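In what follows, structures are represented as structure tokens.
Both complexes below contain chain A, partnered by chain B and then by chain C.
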Partner chain A sequence: MVSVKPAGRAGDIRLAYALLSPALLLLAVVIAYPVGWEVWTSLTDLSPLKDGSTGFVGLANYRRLLADATFWQAALVTVVYAAVTSAGKLALGLGFALLLARPFRGRALVFLAIFLPWAYPAGVSVIGWYWTLNPPTITAYAPFMGQLKYAVDGTFGIGAWAFASVMLFNIWRGSSFIAVLLLAGINAIPQELFECALLESRSAWRRFRLVTVPLLKPFLALGVFLSLTSAFADLSNVWMLTAGRIVFPVIGTHAYWLVIKAGQYGPASALSLTLVPFLLAVLLVLFRLFDPPQERSTA
Partner chain B sequence: MNPKPWWAKVGHRSLMLLATIYCVFPIYFMLVQSLKTPKEDVFGNPFIVMDPTLENFQELFDREGEVRGFVGTALRRSYPFADWLVNTIVVFAGSVAATLVASVAAAYALGRLRPPGFRWWRRGIFAAYVIPQTLLFIPLYQVVHTLGLDDNLLALLLIYPTMALPFCVWILSAYFQLLPREIEEAALIEGASRATAFFRIILPMSRPVLVAAGIFTLGTIASDFMIASVFLLTPNNQTITAGLGTFDVALDELAAVAGVNLLAIPVVTISALLARGFVRGLTAAMIEGA
Partner chain C sequence: MAQVMMKDLNKKYDEVHAVKDVNLHIRDKEFIVLVGPSGCGKSTTLRMVAGLEEITAGEITIGDRVVNDLPPKDRDIAMVFQNYALYPHMTVYDNMAFGLKMRKFPKTEIAKRVGEAAEILGIQELLKRKPRQLSGGQRQRVAVGRAIVRHPQVFLFDEPLSNLDAKLRVQMRVELKRLHDRLETTAIYVTHDQVEAMTLGDRVVVMKDGWIQQVGEPLELYGRPANRFVAGFIGSPSMNFVEMTIAETNGALWADTPGIRVKVPPASAARLGPYKGQRLTLGIRPEDLRVATGSDPADYSFDTVVDVVEPLGSEILLDVKAGSNVMVARVDPTVRAKLHDKMRLSLHPERVHFFDLKTELAI
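Coming up: the complex of A and B.
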């Protein structure tokens, strides 16, 4: 390696901080400050509906949450939602990726089809889904959808159909992204490893379990992480697909509801923050599995 | 390898077919819907369109300032769709550009210049991905209000870039980090400046990863519904996403589905044209990053 003068290195470091600053500034304004504000607010009784000064209430908001049945319901629904959608996305995505991993005629087209649900802008496809699944009564397929809705709601309780449609939408879109991500991961693994495996064992299941899954582990972890974060944060889809009529609240919608209905900023902030420790834990696991390698000793 | 038995081929084919139908059907359904006349919407077969028409798309643009309503003026609504289209283009293009510039700069710093603790910087930036913007509405609104960006496209241009930035910095810096040092140093020894070496050598070599980051950003910001709806209130300032959210389900179903398609078709086309690059870029970043 060319010897670098200390002055050059110091200049590099200054340059590095200068180049980092736009990204850090954006994150500070849009993420860090709001999170700090929420942490502080979750310890107070701030509300625009309340007269007088805002008082510091310590952990009261959190204690109240833990005693609140609605919170536990929302937490349960959120966990079920995240678990079911992540499992569905992962299973379908892995299936798609393995189907696409080997060449065959028409692969480019099938790949494109599988890529589409993610590429289709979800901000508007969620509107299309809502209207498809809950069509205005005049459309030709409305009677069929209506029957389906009542069958599902009748079996599982009112609101079940709306909730199932949220999950379906999330899985439909997410499995597409996971498939592309895992396909990229499979491409990143040297082909010889799979060929060796082929010589070692004739059982496709054994090869899958002992070779494919371990090699794909970091990418699977990344997929799970992205899927969980989006599921926990999935306020808009739930909101939109249930048209605000929340029968199965998730943490996100419940917090939003507390704010717009009741102006309870403190409890809402505490509620929003309850998700963060879980996501950080998942993130730590991810960092163990999927981190750029330690700098090679030669560098 | 030995040839596969016929049943394996048939099985493979049918799996392909199933996967394709599963992925494409909802999109197909929305497309067909948007091409229908009101008559066919009510009486026709939901899965096909016999008499395709573009009048729903036409109607979106005709609607500006027009009186609409079956019940006098009670339902008078105007939809400035042309404005929404322009706003959407500005916001999407601006956000993707801002995301790419900020993340390339940060990734170059982390992957090549490596200031002390660069690994922790990278992890810290990625950790921001954990915090969903949708849970930060109240403080975000304060920020937007303080900066005087209420009901302004700049609010989205401020918030959107942070949605995909952590992921982009992550894959770009992983890629930059393991590009061999020599390629850049050769240029530096020749007397080129760091900037020249970056723009002439590093950046062209990173094209696939840049494409991947760009497509990921586009897909991420195009999936937002809440932020656009909350921060843009005046009809003329809205994006297509925010605007369509205000449509009335029972009255404007066909026009809304047309609007969905009008945004989706260009976005999907761009993504589809670059789809191969997207996979290649992710692969490149993963070979470096795994």
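Coming up: the complex of A and C.
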């Protein structure tokens, strides 16, 4: 054995920091600075519409937010949006992944069909969806879509149809990604583990529940995490699909509206930062699922 | 307790004919080993018995039931996989209980059977651990335990020791043998390792390219290989093969090639009659060669030059050349041999094998 000299070790440590520095610099520029700026802004009354110097207002922006009914409505809508789309994406994605896990004739075509929504640029897909749901010209089904929209809006309130279409789009596109993620997960599980279950039970449901789901748990947790976080922070899908005519704002669109349309930098920063505790909690819970501590301890 | 019959068993994939006309009668309580190089069809045959592969043609009977169309679960078999196939999210106990749980056995019965199996395998202390916390040997024991608790009619082993290191493999081999003596359950064991096959099997089935080459007791395969492939596959180091011409001199048959000229032993002479003037393959195992002494008959001796010396402690392997023929001799550790030494070797006349050059069948 060669013993490492102290001097050599100090050199190693310096080298390690040198190698890490580009990544640290990148993180500082694209994460630390913007987030720090946002936190600071949320404590001020910064606005391009206001004359004079920017004042420190403490937690006033947060206090006003908590007293604002619009915030609570946006928060509720955000939670519903995230929960419904995540459930939908997971259910569909898991179904697709299980379908694709076994070889069959035409599997490559089915794979392509399932993966296409994710591979296709979101901006173009959104316009496609918008025109499909709101045909801009006379089509065979245009009157039906009009009736459907009025029926949904009539039952659940104005904007419900737009909200539903946003969720549908999110599920359509996201389930594609979740399917590929879970398929990779299934393929990473040794075939013998499924075969062993096949020797013991005829019931596909029992094998799915007792073997497939537990083995896929890390991938399912990762899928839920990615799906929830992207839904919580979603702005672009909602904005584009409703062309900005948002009747059911989510936190992301509400904050965007506050900044761009109303110039209220402080309240908007505070609003978007309210997502952080949510996301942290979700991350902590799910992290334990996809990397359980007792399985990390021994290799 | 059951016999297993395979009748005209075939497996074809799109392009590959993996198993060809396999006929095999495995007796009740027998430990049978399927052995052969990779791609010989041994694992596919086992998986057809398990029900993990569909049977293209032919019939498999377990006990008195034809199982071709029975789902794996109803075949009353238990399988041990090469990679253990333990569920990482379950404890050792739950892994062993898995099959019984899937079959909805009562909890008390599960506990009793897992307890018994754990005791047999000496893994009582590990029951609460997860597979990740076990060594390779311990994992393999758990995998065997999971099969034992099922009290199946037939055990199926698919290369169960291949992932273990050499020392552990020897140890587990002995344990498996002991276990079979104790449980007296029919077992089909697949391996590519001829030592495992010879030491474990009541009978050994040698396969190649989907065909059964020979079925027999270990010493029968070793002593009377049916063809050149079996002769070369069983035994380590492999049997030496030399292409020779059979010729008659003074009423006796001699096998001749540049560098080696030996008399055909009387026991083989009658069978070799039709080969007079023709070429064939002579086979001699390394352990049936020895350094010639003055008392050895000259008819069975020939001169060689030492090419490589491999001292193993209990024996020495000498790679030698006789003319352009390369051979290995397993000699006594007291033999002093150096590179390029001239050495006269003598072969054991009753242990010489002859194979047809074209059919490769033993003569």
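We take it that the second predicted complex is superposed on the first by the 253 of 299 C-alpha atoms of A that agree within 3 Å, B and C clash if a C-alpha of one lies under 4 Å from a C-alpha of the other, contacts with A are read in each partner's own complex, and residues count from 1 in each chain.
The definition used in the following text is that contacts are C-beta pairs under 8 Å (C-beta built on N, C-alpha and C of every residue); 3 or more make two chains touch, one makes a residue touch a chain.
All of these numbers come straight from a predicted model, not from anything done at the bench.
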item: Which superposed partner A:C196 touches (first chain B, second chain C, both, neither); value: second
item: Touched partner set for A:L181, first chain B, second chain C, both or neither; value: first
item: Touched partner set for A:R206, first chain B, second chain C, both or neither; value: second
item: Partner chain(s) touched by A:W118 [first = chain B, second = chain C, both, neither]; value: first
item: Chain A: partner with more touched residues, chain B or chain C; value: B
item: Which superposed partner A:T229 touches (first chain B, second chain C, both, neither); value: first
item: Which superposed partner A:P214 touches (first chain B, second chain C, both, neither); value: second
item: Doubly contacted residues of chain A, that is, touched by chain B and again by chain C; value: 299
item: Interfacial residue positions of chain A with respect to chain B in the complex; value: 1-2, 12-13, 15-17, 19-20, 22-24, 26-27, 29-35, 37-38, 41, 95-96, 99, 104, 106, 109-129, 131-132, 134-141, 172-173, 176-177, 180-181, 183-185, 187-188, 218-219, 229, 232-233, 235-237, 239-240, 252, 255-256, 259, 265, 268-269, 272, 275-276, 279-280, 283, 287, 290-293, 299
item: Touching residues on chain C, where the partner in the complex is chain A; value: 50-52, 71-74, 77-79, 81-83, 85, 87-90, 98-99, 101-103, 130, 132-133
item: Partner chain A, residues of chain B touching it in the complex; value: 12, 15-16, 19-20, 22-24, 26-27, 29-30, 33, 40-46, 101-103, 105-106, 108-110, 113-116, 118-119, 121-123, 125-140, 142-143, 158-159, 161-162, 165-166, 169, 173-174, 177-178, 181, 185, 188-189, 194, 215, 219, 222-226, 228, 240-241, 244-245, 247, 249-250, 253, 256-257, 259-260, 263-264, 267-268, 271-272, 275, 278-280, 282-283, 286-290
item: Footprint of chain C on chain A - complex, ascending; value: 190, 192-193, 195-202, 206-207, 210-211, 214-215, 217, 294-295, 298-299
